[in-house]
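Quick one: the structure is below, and I'll ask about it shortly.
Chain nomenclature is as follows: A, B, C and D, assigned in order of appearance, with residue numbering initiated at 1 for each chain independently.
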Amino acid sequence: MAVFKNKLKEQERELGFGSKNYAKSVRFLDKNGKVNVQRTGLGWYNNTDFYHSLISASLSKLILIILGTYVLINVLFACLYYIIGAQHFGGLDIPGSSKSQEFIGLFFFSAQTITTLGYGHIYPIGNAASIAAALESLLGLLSFALATGVLYGRFSRPKAHVLYSKNILISPYRESKGLMFRITNKKQYELIESEAVLTMTINNPETNKREFLNLKLEISRVNFLAMSWTIVHHINEDSPLFGLIKNDLLERDAEFIILIKAINDTYSQNVNSRISYKANDLIENAKFKHLSPEATKEGKLKVSVTEIHHYDLIENATLNQKPT
Amino acid sequence: MAVFKNKLKEQERELGFGSKNYAKSVRFLDKNGKVNVQRTGLGWYNNTDFYHSLISASLSKLILIILGTYVLINVLFACLYYIIGAQHFGGLDIPGSSKSQEFIGLFFFSAQTITTLGYGHIYPIGNAASIAAALESLLGLLSFALATGVLYGRFSRPKAHVLYSKNILISPYRESKGLMFRITNKKQYELIESEAVLTMTINNPETNKREFLNLKLEISRVNFLAMSWTIVHHINEDSPLFGLIKNDLLERDAEFIILIKAINDTYSQNVNSRISYKANDLIENAKFKHLSPEATKEGKLKVSVTEIHHYDLIENATLNQKPT
Amino acid sequence: MAVFKNKLKEQERELGFGSKNYAKSVRFLDKNGKVNVQRTGLGWYNNTDFYHSLISASLSKLILIILGTYVLINVLFACLYYIIGAQHFGGLDIPGSSKSQEFIGLFFFSAQTITTLGYGHIYPIGNAASIAAALESLLGLLSFALATGVLYGRFSRPKAHVLYSKNILISPYRESKGLMFRITNKKQYELIESEAVLTMTINNPETNKREFLNLKLEISRVNFLAMSWTIVHHINEDSPLFGLIKNDLLERDAEFIILIKAINDTYSQNVNSRISYKANDLIENAKFKHLSPEATKEGKLKVSVTEIHHYDLIENATLNQKPT
Amino acid sequence: MAVFKNKLKEQERELGFGSKNYAKSVRFLDKNGKVNVQRTGLGWYNNTDFYHSLISASLSKLILIILGTYVLINVLFACLYYIIGAQHFGGLDIPGSSKSQEFIGLFFFSAQTITTLGYGHIYPIGNAASIAAALESLLGLLSFALATGVLYGRFSRPKAHVLYSKNILISPYRESKGLMFRITNKKQYELIESEAVLTMTINNPETNKREFLNLKLEISRVNFLAMSWTIVHHINEDSPLFGLIKNDLLERDAEFIILIKAINDTYSQNVNSRISYKANDLIENAKFKHLSPEATKEGKLKVSVTEIHHYDLIENATLNQKPT
């Protein structure tokens, strides 16, 4: 199930893999643009990329992981210090304190050591305690080096905050029709040199196999994504969509896969974004409404990005464009 | 209002968006090359990229943010410690000290904890105080990890220090004329493989709509940007500028949008730079002066980059180039 | 021994280098895709890139290096402090302690200083001790800055976790045969825009020289590497493999060199992967088995990546594809 | 003095800049591949990129800068603490200590504060001292964040360790001659997808102006740079070098500018390298010697990279290649 760029239809049929006709409930991409495949077979360790998992985990999950690791390591070192003996820690061995009090005190000593805080009201006495503390502070610094890397990697990761129109439309276009959707940039920084690729995956009723077809775009690259970009596939005689209506697409379980590639101007980094529309996201005989940017007092154009979702249904008779 | 690369004029008219004729005061790009659009509609949180804001904020603003956050967090923890009780902090509970004195003391203890300074002349006693301090030192390390990332991201961000000539000229070129501007590199490192794209946005008096037109460049790529690069659009019969004079461009509110892409040689990073000239930045019948680099004793060529702004007005009769 | 992209055979013969016929035991790439060349001649220092070595060392080796350096620096500073004199360190100069006890105490003081732990139960007295401690803490911070960089560089390094089929097959393909191998992505993140280049290096029995030949691929680029990708070179009359059987390839010591280039979608980074197959990795008259992904309850496709190794031997008679 | 890619000769003459005929002592690139231009005119601050300077400074210079800054900041804070008064620092105000002793003590306290070491045998008393210390520790953390960034940026900076042959040769090539030089990779990691561009800058005796001419390469890209790559410009009738001998090139002050672009395989980063040969680096009637790699016991090829400098002078009669 590799998706080919500019592949001939003929070639695909002969590749002999990935053309299985899955149940209709299976999407190729899920709603967030993630490829809907779970890879196994090498064991959990080899199928996981830990740095990647930390980078892309939710913020709350990351905080829990960090906090949990912090408590765990401190408990482990508290145990170690406890084994060494509370009497080897100055300022801790208060006469009359219970065993559990001692352990808690060693836990706090561990926390003060791993963060290199080192108040010093508790301090190691003797070789074993000093060696353990020296190792813990080294471990602390390396752990926080790792945490620094993960946090930096997380926040500096190139992201394409692309907003896609909720629906994909079949609109009047030139003398025939066009498949259209709109994208915009959600954030204040700029996306430049944006490129789009549109692929359709559909069951072929003749062969009962799944095909991946490239849909040619009228314009596949823009220099600026200042407001919005309507991406158009002309449904002419060369188009695999020619003559099909929504019901056909539903029946053949069509899925439209979109790849957007751009340069995040702030970091000069390439960013990628994906989405897929299923056939039931398709609206026939509809037309996107124009955006209505307003000029602010400061001479800026203010635009509400959610306007890209808006469309008008049109009657079949009015296939020619009217100014709005 | 997406700007298309190499788009046919015909196609644009049929896209049906972004061709609204805005008030003349609206620039597409502001003087610093920022796209003049403010995006709203998803709420402040979703329309903002915080890391990006910190990376691109002014230095003084960033210092204020860091200092403000530092004071705020210390005040919050001082409150927490105060609630726990000043008697749980050794070295602080000086007999006869006022409530406000205690609070200030806890504020300083907080500062010594969050930075992992930990002098130890004030130290936590008991579980509540120790837990709060352990958490604060963890928070401190993570915050400074974030600050490290922001500072690194800020300083290592690829930047193209391109200097543009103040004006864009219409000069004699070949047997006719050329639209010309000059760029140079302000800094000591090198920019290599520089590329330029020149787009004009102009009102079409016939349709009363705004058009975006690509202006073909004589040379659109240079290997080195050692001294300066004069970027030339030949105004021949194929040019949309053919036959237009400055007054026409003023009337039709022309704006020249320039995109420069290069590789910063030190970091091998792609960098981007943008600028726009309005019609009133245009000088007709003028010619850029040659730069006058001097050979230094060390065998280097010394050049003053501001010389790229200099031009000579020429009389109509002297359209042929003379050696200077 | 540079390998050329799309080079003509004729040109190679005339380049006059790198065509020496090495012993058969020499592989161009080793099993892990590393180029099998050891570069010398500039001295150990100039032929080594230390950052690179640290980044690509095994985890256990890196831990040893860090631990060893930590102990070494502390021993060196303990020596320095010992020379300055134990009497210049408060809290250490316990009456009756032996020389070696003093040294060990100074070692622990050094560890508490370089990590900026600073409990303070041992502290410097006088100028020499204070200066040494001030320098050690500076050195400590810079060292841990370096360690942070190495750890970050190590974990954020773009990696392509490509799994290659164990064998390269000669399978029925169209009306003739094809050279085929399969790749897949081991990890959960996505690889996009994958590209493959296949080169064969083989002894030319006529000239007794080694040649590098590009083998044309049916499809050399895929948008997604969702499940697996079977990379196919059609052995038709234009192929240098036309008419050769495994024994010929063994005799001429053929090696198939594969370069995979892709974009790691999480980081938007380019990643590279390499492998080589020797002639004895080749299986004639075999065909890859289809993968058998299962749809999970959550609507995901679950696939075991090790299935890409599986193939069926086929009898010569059954050269036409049968559905499996 | 911008150098154009694939520019027509005709175009260059008409660009009207950068064609000044400089003194012969002026090189376009210096021996290390740095562009030989010093940019001024915007003031020292605006013509300098500080991060870039720190990244590319020599190691000894960087250590001096860091050490100097460390001492300077500590002196400044010692002054501040001295103004606040030594009596506000516990553990310092030893009866009978001199003013200078106090200052030195405050200097050490500052060092313990800025590194967040905080032994605590000296500690701030009162608000002014505590505020100053809290600010210093914040400043310390931010400074070391900066230092971490600079060190990481420095060591992770993509570098192309390309070694160039000392000379550029005119060798027999095909039925005529070729301009040739060799490159190799000095380090153990791999360079892949290497590309070369060769430009000649030469005085045109007719116009007395300097021209930049692209010299076409036989092969301009290799997939691997495993051993060495001999880069060849065929001096045929289309070459601007056709019919010229070394004396002509010396007279016209020819300089050969080479740009190498590759991907450092460890980091998947693009790297760039440059060099220039002057006419007196040219050897006529010479031929590079073959490298002599040896197969090691481990099956590796061991090659001494400095062998790329070696060439044999050949007599005019023996223009045809002989096996060596």
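FYI, a contact is a pair of C-beta atoms (placed from the backbone, for glycine too) under 8 Å apart; a residue touches a chain by one contact, two chains touch by 3 or more.
Computed from a predicted structure; not experimentally measured.
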Identify the chains adjacent to both subunit A and subunit B in the sense defined at the top. C, D
Of the other chains, whose C-alpha centre is the longest way from the centre of subunit C? B
Considering subunit B as a copy of subunit D, what rotation angle in degrees (nearest 5) results from a C-alpha superposition of the former onto the latter? 90
Determine whether subunit A and subunit C, two copies of the same sequence, contact each other through the same residue numbers or different ones, counting it as same when over half of the numbers at the interface appear on both sides. different
Distance in whole angstrom between the CA centres of subunit A and subunit C is 26
For subunit A and subunit D, let me know how many angstrom lie between their CA-based centres, rounded off. 37
For subunit A, what residues touch not just one other chain but two or more? 116-120, 148, 152
In the complex, subunit B residues that touch subunit D: 66-67, 70, 74, 104, 108, 111-112, 115-121, 144, 147-148, 151-152, 155-156, 159, 161, 163, 173-174, 184-190, 192-194, 218-219, 221-230, 232, 263, 265-268, 288, 290-291, 293, 295-296, 299-307, 321
Contacts from subunit A onto subunit D in the complex sit at residues 116, 118-120, 148
Complex contact set, residues of subunit B against subunit A: 1-5, 7, 11, 14-18, 20, 22-23, 25-28, 30, 34-42, 46-49, 51-53, 55-56, 90, 113, 116-120, 123-124, 127, 130-131, 133-134, 137-138, 140-142, 145-146, 148-150, 152-153, 157-158, 197, 199, 259, 269-272
